[in-house]
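Dropping the structures in below, format is C-alpha cells.
Both complexes shown next keep subunit A, but they swap its partner, so subunit B is in the first and subunit C is in the second.
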Partner chain A sequence: MRPEIFELEFMRRAFVAGLLISIIVPIIGTFLVVRRYSLMADTLAHVSLVGVAVGVLTKTQPVIAAVIASTVAAVLIERLRGLKKLFAESILAIFLSGSLAVAVVIISMAKGFNVDLLSYLFGSISTIGGVDLFLLAVLFVLVLASVALFYKEFFLVSFDEEFAEASGVKARALNLFIVILAAVTVSLAMRIVGILLIGALMVIPVVTARQFELSFRNTILVSISFSLVSVISGLFLSYYFDLASGGTIVLVSLAIFLASLAINRPE
Partner chain B sequence: MTGPKTCIEVKEVSFSYNGNPILQDISFDVQEGEYLGIIGPNGGGKTTLFKVILGLLKPQTGEVRIYGEPLESFKRKHLIGYVPQRSISDYYFPATVEEVVRSGRTARLGLFKRISKEDASAIEKVMEVTDVAKLRDRLIGQISGGERQRVFIARALASEPKILILDEPDVGVDVTAQEKFYSFLEDLNSNTGITILLISHDIDVVAHQAKTILCLNRRLVCHGPPRDFITEDYMQKLYGKKVRFILHGH
Partner chain C sequence: MRKAVLFIAGLAIVSGIAILLFTFAIKDKPESGRKLTVAASFYPLAHLAQKAAGQDIEVYMITPAGAESHDFEPTPRDIRKVRNSDIFIYNGAGLDPWAERVAPTVEQAGVKTIEMTSHFSLMSVEKDEHGHEEDGHGHEDGAFDPHIWLDPLLSIEQVTLIGEALAAVDPANAASYQSRSSQYANELKQLHEEFSKGLSNCGTRDLIVAHDAFSYLAKRYNLNIIPVTGVFSGEEPSPKRIAEVARLAREKSIRYIFFEPLASPKIAETIARETGAEVLELNPLESLTKEEAAAGKDYISIMRANLANLRKALQCI
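Showing the complex of A and B:
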C-alpha cells in the first residue's frame, strides 16, 4: 500500500513547484504564441540542457546554469532576429539543434548519460530539493512582478511592434525582456515537465484558451486555469499510476485541448 | 497675427534600401492643421517616407524635425498617431476592440502608470467619436474591414495626438464605409485642428479631401494645393502615362 500522496515530503515539494510553474508558464506562453513564436519555448529548453550539462559536469547548480545559458541564448537570438538577415525560424532551428549538439558533447565528457540528466530531460518530481524550490519561488516572483509591471507594454509590443515603436515605446528592449522572461521560465519548469516537454506546457494551454475567443487578459487567465488543472491532475495520476510526471501532465493538457476543439467546433 | 506653426520638417531626406534609392532628396514642411494627401505609384516611396517621419527607418542623409526638434531627441512621440497598413496577422490575435484602443495610450501613459479616470474617459470619448464603443467586447478579428479601420483610428487617437498619419487606411473597406470615413477625417481636421497626413491609392479621394497634395515618385514631383496638381501635367510625370483627371464638382 502506497503512503498517502501528501505524506511524502517530495510530493509536497512537487505540488508547490507545480503550482508555481503552472501559473507563470502559460502567461509567458501567451506572449510567445500570439506573436507566432511558439518554437521559442522549445529552443530555449534545449539551450537549458547545455546549462544543465555544465552544471552536472562541474557539480554546480544545474538550474542556475540553465537560467544563465538560456538567457544568453535569448539575447543572441533577439540580436540575430534584429539584423533581419535570417528568418526567425531558421535562427530558432539553429539554436535548437546547435545547443543540443553542445549539450551532448559536454555530457559525453561527463562520461555518458546518468540518471540525474535524464531527470532533467523528462522531468522528475522526486528530485526537487529545497534549494530548487527556493530558486523557483524567487524567480516566480520576479517573472510575475515583471509581467504585472509591464503588462500594457508587453501587450502593445506583441500586438503591433511597429505601432509601439512609432509611438515611442522601446519595442526592441521589450521584446528582449519578454524573451529573457521566457528563458528564465523554461529553465524553472524543466524540473517538473522536463526539457523535452516544456514547449508543450507553454503552448497547449494557451492554444486551448484561444479556442474560446476571449479577450487577451482572459485568454491568459483561462490558459492559467487549464495549465493548473493539467499539472495538478497530472501529478496525481503520475503518482497513483506510477507514470512519468512530465508526460502525464502534457497528456492531460492535450486531452483538454481536444475537448476544447470539440466544444468550439465551427458549424 | 502669426501664421500656422510648422509641425513637420523634412529636410533633404534620402533613403536607400540595399543600394536601391527609394527616396531622393525630399524636402517639404507640414503646417499645423494641414491636411496633406500623398500620392504616387507603387514603389514610389510613400510608405518609406512615413516610416522615416515616424522614426521607424533612419534616412542615410537629411533629417526630420517635429515641432522644431530633431526626431531622434523628440520625446513626445505620442503626439503623432499612426494608422499603419494592416496585415492579416491581426485576425487571429486574441484581443478585444477595447484592449486594442486602450493600447494606443500606452506611450502617453509611460512606464508603470495605470489608466486613470481621465485616461479612461479620454479613451471612452475616442471610442464614441469613432463609433466603436458598441464593438468594445468583440474580438479584433471578428469585425468587418470598415469597423477594424475605425478601431485602428481610435487606437491612434487614444493618445490624443496633434498629428495623424494614415497609410492607405481604405484598403479592404467598402465604398459606403469609405465615404463615411473620409467625412469623419475631414471633420476631425476642421473641428479639432489635428494635422493629417494621408496616403491613398485613390487619387480622386485625395484630390477632394486634402488641402495640400504631395506627389512622390522617389523624388518630390509636386507639392501644392489640389488645383495646381490638376492643371499641371503631373499625372504623366507620376505614372508615366496620360491619365485624364476630372475634378468632380464641389
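Showing the complex of A and C:
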C-alpha cells in the first residue's frame, strides 16, 4: 500500500525536487561557506526576485528569467570582486538591496497581474512543474559531474586562491564557475524553500557539518546528510501538520544545528 | 567522523521512526459509502454551493475565513481535500491563482471542476471607462474583472450552474438540488429587486471605492465607479492616483469614500481627509471574516448592508 502522502502528484514532485536540491545545495554551500561567502546565496536569491518580476511582467517563465538574472549578477559580482577595489561584503550588500529595489519597482510596473509573489518568497511546493523538475535534474548532473571532475581545483581555490593560482589553477575562471553554479542552484531551489529562505538551506547544513571539524570532503558528505534529513522530515512535517514547507525545512535544519552545537561543546 | 556518523545515524533513526508513525497513524481517507463532498475556492462559491447542495452535504471552503483569495496559498492538506471532493468550484480570471494551478491536476484525478468565470462573458479591465487615461493600474492586455458574484443576477446564474453540476454528479438527488438552487435563485432575485428599487432615485451616481471590485454591480445598477486601485486588491496606489481621485471627489462633491473590511482603510481615509469626506464600508465579499460568520451574516445580509451604505452615500430616496 502506498502511503497517502505519495498519492498526490505534487507531493511526489516535491519530494523528488527536494531530494535533488538537498544534495546539490550543500555542495555549493560548502564552497561558499569556507570562502566566507555565506551571504552570496542570499544575495543571489534576492537577485532571482528580479528575474521573477521580469518573468511575470513579460509573461515568460519566471524561473528561467530568475536563472538568467542571478547568473548575470553572479558574473558581475565576481568581476567587481576581481577589481579588489571594494570589500566582497560591500558588493554583496549592494547587490542584495539593489536587486530588491529593482524587483519592487518592476513589480509595481506589473500592477494588475496575478503576482503570486508569496509563493516565490516563501516557496510553494504545490507549484513545482515538470519544467522545474527537468531543470533541477540537469543541474543535479551538472553539479555532481563538475565537482567530480574538478574536485581538487575547487578545493584549492576555495581555501587559498593565491596558492591555487601559483600552482597553475585558473582561479578566476573556477571562481566564476562556482558562483554561476550557485546562481542557477539558488534560482531553481527557490520553488521549494522560497527566495527568503534558500540562503538558510545553503548555509546551515554546512555550518552544522563544520562543527565536527572534518576533512573538506567529509564536511560535504555530512552536510548533504543533514540537508537530506532536513528536507525529507521538513516535507513530512509540513504535510502532516499543515505548515509552510520552506519554513519547516529550515527549522528542522536549525534544530539539527543546535543539537550539533550541544554535542560539540568545547570541553 | 565517527561522531558525525553516529549523530547522523541518530537523526535518521529518530526522524525515520517519526515519519513511519505519522504515515501509518494519520489517515483521513474518505470512508466508503460517503456522501458527496464539494470543494469551493472562496466564500461566495462555497456559499452558493452550500445553498444548492443543502446542509447535509459537506462544502469545504478552501480559502479560510478572513483570508484574501488572491494571495492565498493552499497547504498540501487543502489540495488533498480538493482532490478527494467530487466537485471543485473556483472562480478563475486571476482571483484564485492557486485554484487555476491545482484544477488540471485534480481534474485528472476525476474531480469535476467548474471554472465559474469561463461560463460568463467578463468585463475587460483594459478599457478605461472612468476617464483616467495615463494611470496604469490593472489595465493589462487580456485581463478580465473576476468579481462576478457582486451582481445578484449573475449569482443566480452561478447557483443554477452549481445545481446542474451537483445533479450531474449525483443524479439520484437531482430533483432536490434543482429545487434548492431555484429556491435560492428566488431569494437572489428579491435581492436584485431591492437593489434596483433602492438605487433608482439617487442624488448622484458617482462613488469612489478603494479597489475596483464593483464593476459588475455598477453596470447592473447604472452606477459610475471611481476606483483608487486596480481590479486586484493589495496594490498600493501611487500618490499621483490618490491626488487624482481626491480632485475628482472634490469636483463631484462626493461625501463618502468606500473601503473594504479586509483591506486596510488607510487609502480611503487618506482621500477622505483630503476632501473632507467620510468613509463607509462596501464589502466585496471575497471572504467572510470569522466575526461576520459567527454573527450569522451571509452573502444576502452583507449585500443588503452594502445597499444601505450605497443609498446613504448616493443620497437615494
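By definition in this document, the second predicted complex is superposed on the first by the 260 of 267 C-alpha atoms of A that agree within 3 Å, B and C clash if a C-alpha of one lies under 4 Å from a C-alpha of the other, contacts with A are read in each partner's own complex, and residues count from 1 in each chain.
Note that in this section contacts are C-beta pairs under 8 Å (C-beta built on N, C-alpha and C of every residue); 3 or more make two chains touch, one makes a residue touch a chain.
Everything quoted here is computed from the prediction, not taken from an experiment.
Of the two partner chains placed by superposition, A:71 touches none, neither subunit B nor subunit C.
In the superposition on chain A, A:263 makes contact with subunit C only, while subunit B stays out of contact range. Residue contacts after overlaying the shared chain place A:127 against subunit C, while subunit B stays out of touching range. In the superposed model, A:43 makes contact with neither subunit B nor subunit C.
Of the two partner chains, subunit B is the only one touched by A:167; subunit C is not.
Of the two partner chains placed by superposition, A:185 touches none, neither subunit B nor subunit C. Using the contact criterion defined above for the overlaid structures, shared-chain residue A:99 touches neither subunit B nor subunit C, since it reaches no partner.
When the shared chain is aligned, subunit B and subunit C each come close enough to touch A:214.
Comparing subunit B with subunit C, more residues of subunit A are touched by C. In the superposition on chain A, A:156 makes contact with subunit B only, while subunit C stays out of contact range. Overlap of the subunit B and subunit C interfaces on subunit A comprises residues 209, 214.
Of all residues in subunit A, those touching subunit C in their complex are 3-5, 8-11, 108-109, 111-114, 116, 118-119, 122, 124-127, 209, 212, 214, 218, 222, 225-226, 229, 232-233, 236, 238-240, 242-245, 256, 259-260, 263-264.
Those residues of subunit A whose C-beta lies close enough to touch subunit B in the complex are 34, 36, 149-150, 152-153, 155-156, 159-160, 162-169, 209-210, 213-217, 219.
Considering their complex, residues 54-56, 75-78, 80, 82, 84, 89-90, 93-96, 98-100, 102-104, 106-109, 111-112, 137, 139, 142, 155, 159 of subunit B touch subunit A.
Contact residues of subunit C toward subunit A in the complex are 1, 3-4, 7-8, 11-12, 15, 18-19, 22-24, 26-27, 29, 70-71, 73-77, 79-80, 83, 94, 97-98, 101-102, 105, 125, 136-140, 143, 230-232, 235-236.
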